[in-house]
Amino acid sequence: MRELELFFGPQHLGMVGNFSITLKVEGDRILKADANPGFLHRGFEKLMENRTWMQNFPLVCRINVVEPDHMELIYSMAVEKLAGIEVPERGKFIRSIYCEMARVGSHLFGLWAYANMLGFDTVAHWAMYHRDLLLDLFEELTGARVYHIYLRPGGVRRDFPDGFTDRLVETLHKIGGKVPDYNATFFENSIFKKRAEGIGTVTREEAIRMGAVGHTIKATGMKYDIRKIEPYDAYDQVDFDIPVRTGGDAYSRLLTIRDDMIESVHMIFKLIDKMPKSGEVYTKTPNPFKWTIPEGEAYVRCESSRGELGLYIVSNGGEKPYRVHFNTPSYNHGLTVLEKALVGESVSDVGNIMISLYVVAPEIDR
Amino acid sequence: MDRNQISKWFKNPGKMANKYSFHVVYFCTGCGIIEIPPSITTRWDAERFGIIPVATPRQANLFLITGYVSTKTLKAIIRTYEQMPEPKYTVAFGSCPINGGMYYDSYNTITSLDKYIPVDGYIAGCMPRPEAIFIGVTHLWKLIDMDKADGYKRYRRDYKFYRANQEQLFKELGWPPLFKDASL
Amino acid sequence: MKILSLFISPLLALIIGLLFLGISRKITAKIHWRCGPPVYQPLIDVIRSFSQKSISHGAFFDFGIILSLSSSVVLIYFLPVGDLYAMTSGGLIAFLYLMLLGPFGIALSSAASGNPNSSIGVSRKFLLALAYEVPLLLVLLTVMTHYNTISLVEIVNIQAGTGMAFSSWALVLPGIAYFLILPAVLGVRPFEIVSAPQEISSGPVAEFGGKHLAFYTLQHALQLFVGLALFVNIFLGGGTLFGLLNPIAGTVWATILGIIIFLVKMFIVLVIELFINAVYPRFRIEQAMRYLWKWPTLIAFVGLVIVAILN
Amino acid sequence: MEELKKKLLAYFTDLTIQIHDDYRMCINTQKETVVSLLNYLKNMGYEHFALLSCIDWIDKGEFELIYILSAYMEVCDKYQEKEQGIIIIKARISRDDAKVISVINVFENAEPYERELHEMFGIKFEGHPRLTPLMLEREYEIPPFRKDFDTLKYVDNTFGKIPSIEERKANYERT
Amino acid sequence: MPKTSFLNPFKAIKYLFEKPQTLKYPFETKEIADRYRGFHKNDWDKCTGCGNCADICPNKAITMVEIPELPNKPEEGKKNKRPQLDYGRCCFCGLCVDICPPGSLTLTKDFLHIHFDKKTFTFIPKDEKLNKETYKAEKEYSIFTASLSQRKEYYDGFSPDIRYALFKPDRIEMPEIEPDERKLSFIEQVIGYDKEQAKEEAGRCLECKLCEEACPAHLKISDYIDAIYRDDPKESLEIIYEDNPIPSICGRICMAHCEDACSLHIRGDSLAIRWLKRYAADQIKNFKEELELKPGKPTGKKVAIIGAGPSGLSLAYFLRLQGHDVVVYDELSGGGGIIRIGPPTYRLPLDAIDKDVQYIESLGVKFKFNTKVGRDIGFEKLLNDYNAVFMGIGNTISFSTRVKNSEKCTLALDFLKDNKIGKQRKVTKNIIIIGGGNVAMDVARESIRLQHIQFPEQQVITKIVSLEGWDQLPATKTEIEEAKEEGIRFNPSWGPKEVVLDDDGNIRGLLCKKVKSVFDEQGRFSPTFYENEEKFLEGTMIIEAIGQRADFSFLPEKLFKRLEFTDRKKIKVDANGMTSIPGVFAGGDIVNINMDAVTAIADAKVAAEGINKFLNYD
């Protein structure tokens, strides 16, 4: 068989995000994979150096369109750490609830992408519908469907509207009520298992060697979760479990995502119960036109739906950041793990593996 | 479907069919793509109007430029646009293709799209809601009815200039001109 | 009658094929929990495709798709729809060969287009055909052995004579085997491997646009019709329903009612196929081949043995 | 962490180490020591290479390379209990002669980071197998993340100078 | 691992028989959330044109465009500029809403605008009151035609909320001595900010520069406040000295027109610009050592200035910087003019005045105190000796009410002057003050202090009688508030009719009549009364504080005749500050109608340029 050069993306139905992989294939086998990012490169880190601390806050969420919320969170956390701002108690709980909502939404999006990739339209449609219900709640809370611009340095932008928690619980119950259907049609579907089992296996040693985080490493049995390791916001005030699997393949990763989603929903209920019923939701930050942050540097991290998200930020005492660098989970997954995991697999499984690693292209390119 | 519609169908079936069967190139050019899955799935269900995503540009007649366009993507966009069969329509999403949007000072994103390929409609918003996409489609219907959605004709007519702009940005485009006899 | 059916049957097949495509989109949409497009949407799509300028990649590219479409039209002539048939002499063997001609035409076009995705799609198509051809041949062999004829029309006539929907108990096992491979023949999930838009950008048709795409859609509609009709003809007794039409046999009404019964049967099979389509993701090609060579082949073989013993 | 500091100071000579209250350890070192330091720390259990970044201190004419390491943790305990945190290693290199030894032999996932830094700052990583462009399509005279790269000016010069179709046509008709 | 099955997935078929969950969009709409961030709406009546939205916008989507139809009223803090949005840039983040000081900018729930023309995406938001064409009522509105020019009425989404605004609406409270304590002595009432407070207060400034246009002297307010924020009072003072040479005085008694114009003022407290100026002036203990201002190269020209009031001092300073020789004549023993005698010690201590005057003196300005022009030196001699003469004499003679027996009353300025720089006056336990202006407040508050000093631990009464009603009182709000806090009783809308004497010829009280209206239809001062409605107020001392006029007695008759006056009884000056007599310039209270220190400085600036021109022309 002759070797073929196959371009997977950027214009491709199975591609989530604007990303491209150059494959060298022999028949159906992949000999070599070359990730080719940069289609979404906007030079965020440079843009942020040209904007003030407050102006950056609507900007950062644009880095990752699938889950903008953790980007806002990490930027806020970094600025709070540099400037020494404390978040009020209620603000912390609102942040945590909001981030967990975002995690559920993001995982549903991942489920859509994966099901769509396998040609499993039915589940894809359901997942997207349920995500849309969550987006309605986001719209009510923050005023936009996608780019919420809600977590700001010092807390959150607005308090919960009246009766929001009730509607949130109701919607989550509505989604949770469909979990048996999801299980029956998707997760316990023999053909899905056939398709996903043993695909894109990353053993624990490989995962550690290649710096994998999030559900990729959780699927190898390691309970590596920043929410537990370095608790931020209100995560140290609730009990939660970290679901793990041991297979290390796409199947385990998908089941980890499902369990994580269910755990998140339970966590939201717990957080709502524990949340202070009233109080301040944010600390006033200085005047945005005069806001300078003392010289210093900070590395903060949080657990996004795809894994550890880090931000290294340097201030030279000015009105603008001197340097920011995002450590996004997809960067390792998309550029290191994916290239290795694809070798030896079938062409049919490129998207399968890529989405099971949950590679989000804008996050890589920034 | 009223009588008026039926007579239109008989008069120009191609135009009418183009209206009610938008096959969209599924190309995640920018962040606006996040609203495409909701609009083609259960909640909004664009298939009611015959809008479905297709895998290759050859089968498509609608190109949604979803958001900002980096230079690397622009190359792919031009290539994809030229692969689409005529008649074809382009709709640009959000602020960024109009005047740069958030990334007006980014060194890697272009500021206005219509210098490189023709655009038939812009949808305001960052990003546009699914509702806006639907209303955008209805506007496109009106434009097609009035023969104003003539982006592909403009591209053919002014190909020389578009090509010149593309070459000014990229130096080396990597493929031959689409129209050999492009002139004024 | 025959001359009439020369015109009617392809037209009917085309309309029914497109209608079935529309219905399948509608039903799939319902399972997706949404409204779905109007049933005439495929027709609009076809008209749109015809109205578009298409880009040809050479003479073979054009020839392939024409070959494919015409072979499908010819297939219709060999296929009795109730009492409506154009050729009586066509045997099942010829039918099988003609069925392969369609994919062959597509493959010809795809090869001319030079798209790597298309070539992967074509290779998948042939692998899949190779996989389901084995049980299919076994099944058809069983049928031919059972009825002692290779003519499709005769088989249908014999079945009409027995007046039973599922004509013979001996054919139950081959029927099950055929039902199991039917998704592969029709190319629905879990065997939607050939087009697989998310994997290889619609595979063979990746470079088809405009009129080529329109021809392909028509060919696809005809293929759907043929696939369903063959199953109905051989195993569901064609256009008969427990001898219901026997009293008015020979009249025009009987023909029309026969056709309607035939279509209803096809529709039922289609809906079942759609259910399968909706609840399974697609296989990988080697998984599909392993599956097709395992259970359907085994069942078909057992059926063949039983029929051989009975005969 | 204090223990690790003692060990490090005993093993390496040219380090200055600060420990911040939130379990962040800052190590300033020379660029020659980086590889052996990373190797040492990897064996100490800091196996997760989180980030490789670079700061352009244009006033001092130096690039500061930032290597951030953390530990994978089997059981989810808080850092406070495990006495393990994040290690930030800093090494400065000259801006004019930006060369440093690649660390991909120690950490595999440093590869794309080094490619990106090569592209964005123009730092040459010796021993890196493919320093090909990663993100960018166009070529830039000054690598774009350097502080002396003026984005607005660049945008005006590049995208601003491209005429709209109407302008171009008008120009064409005039000549 | 969960058990898998081939048949279980068929459970999904049941959805075939369920109602589709699709929202049939154009025919069936969804309610947009209350906080939705859609297109902008701007209440033009509220908008001040401050441009904060344009400054905060991360995308430079907002530009301020001038609307010629709108009135430009910088003194009220309103510019005729309005934001223009470019929806090819906007990211709908809502920062502009959160920063908008008047709260005029709102995001609506409108989000539909689809057009093939890029130009339609630039848009000047207005509100529905002004733009009936754009804002359609609910029944006229259709989503199919919705666009930037066809929007729905009352469709507000993300609205400004002062609780979540990006700026701080509340002023840092100025530490003051409590009313009960302060009314017992003449100690300075306002303590002044400390460093932290000043920094925090300065940090509230949004740098919109509305104040700079409102200030008559056009100080670079945002710059010096920014310097204070950066903890650099010296730089701040240097910036102030570019336009205002009497910061210690102005930092205490300026009328602060800037604070009225402050954009924060609309929904919160305005920035304490005056107190910040005072902070900057107080931080520098010795101006001469810290500031590096040098007089200009000597030009040999000589200028005489009559009156060392704010205008005179400022002019002396400005001219000295140009290098002219300046001599200032004043009848008082120190600088300050009316400022020296008018504002009581608790508002403006003499040290503060002397600090500014001494600095100006140190620059080389000669002061001739205790020299009254006309008495000690002739005006014509000045005209002959000097190249130019400036009159900054101020209004120094109090009006009297001229009702019956009014000659028994005390005049306000005399009272104030004696208390401040002369011997304390004897007061009685029950004082009536006629007048409602700031001078009346000063007099009243000074009298209550004197009463408390002279009659400790005894019941004392001070009342104010004014023609104007509560809402018309010309005194500033804070003055009235503070006067009330100190226990002064007000009798607004009463006019004096007669001073009632007892048999010994001492004052027994004031007979008042009810005021019908104060101003006539043209807005001029012409009070009318209900003659039959009367009220008697008891009081053993009456002080009249109903206004002052200038004393031109020093001018020779023939020169006085040549002086032209405006119809408001002010000296008429041209654009250079020169009166109708060549070489004679004028400024301050005798020229402008504001009659406050900062306007006097503005006059002095004009006159300084005029004199410069005049001298170089010679």
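Each chain gets a letter, A, B, C, D and E, in the order it is written, and its residues are counted from 1.
FYI, contacts are C-beta pairs under 8 Å (C-beta built on N, C-alpha and C of every residue); 3 or more make two chains touch, one makes a residue touch a chain.
Predicted model only: the values in this text are computed from it and were never measured.
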Separation of chain C from chain D in touching-chain steps, minimised, is 2
Set of chains whose contacts include both chain E and chain D: A, B
Of all chains present, which has the mean Cα position farthest from that of chain C? E
Two candidates, C-E and B-E; the one with more touching C-beta pairs is B-E
Hey, which chain is the most central one here, using CA centres? A
Return the distance between the CA-based centres of chain B and chain C, expressed in whole Å. 36
Centre to centre, by mean C-alpha position, how many angstrom separate chain A and chain C? 44
Taking each chain's centre as the mean position of its Cα atoms, how many Å separate chain A from chain B? 30
Would you mind pulling out the distance in Å between where the CA atoms of chain A average out and where those of chain E do? 53
Among chain A residues, those touching two or more other chains are 12-13, 38, 41, 43, 46-47, 50, 58-59, 62, 116, 122, 125-126, 129, 147, 185, 189, 191-192, 365
Taking each residue of chain B in turn, which ones touch at least two of the other chains? 41-45, 48, 54-57, 70, 72, 102, 104-108, 112, 114, 126, 129
Give the residues of chain C touching no fewer than two other chains, as numbers and ranges. 29, 31-36, 197-198, 201, 278-280
Mind listing each pair of touching chains for me? A-B, A-C, A-D, A-E, B-C, B-D, B-E, C-E
Report the residues of chain D in contact with chain B in the complex, numbered from low to high. 135-138, 140, 144, 149, 151-152, 154-155, 158-165, 168-169, 172
Within their complex, chain B touches chain D through residues 70-72, 75, 104-108, 110-112, 114-115, 154, 158, 161-162, 164-165, 168-170, 184
Parts of chain B lying in touch with chain E, wherever the complex brings them together: 42-45, 48, 95, 98-102, 104, 112, 114, 119-126, 128-132, 134-136, 138-139, 143, 148-149
For chain A, which residues count as touching chain C in their complex? 4-6, 12-14, 27-28, 115-122, 125-126, 129, 185, 189, 191-192, 194-195, 346-351
Which residues, counting only chain E, touch chain C once they are in their complex? 9-10, 12-13, 15-16, 18, 20-22, 24
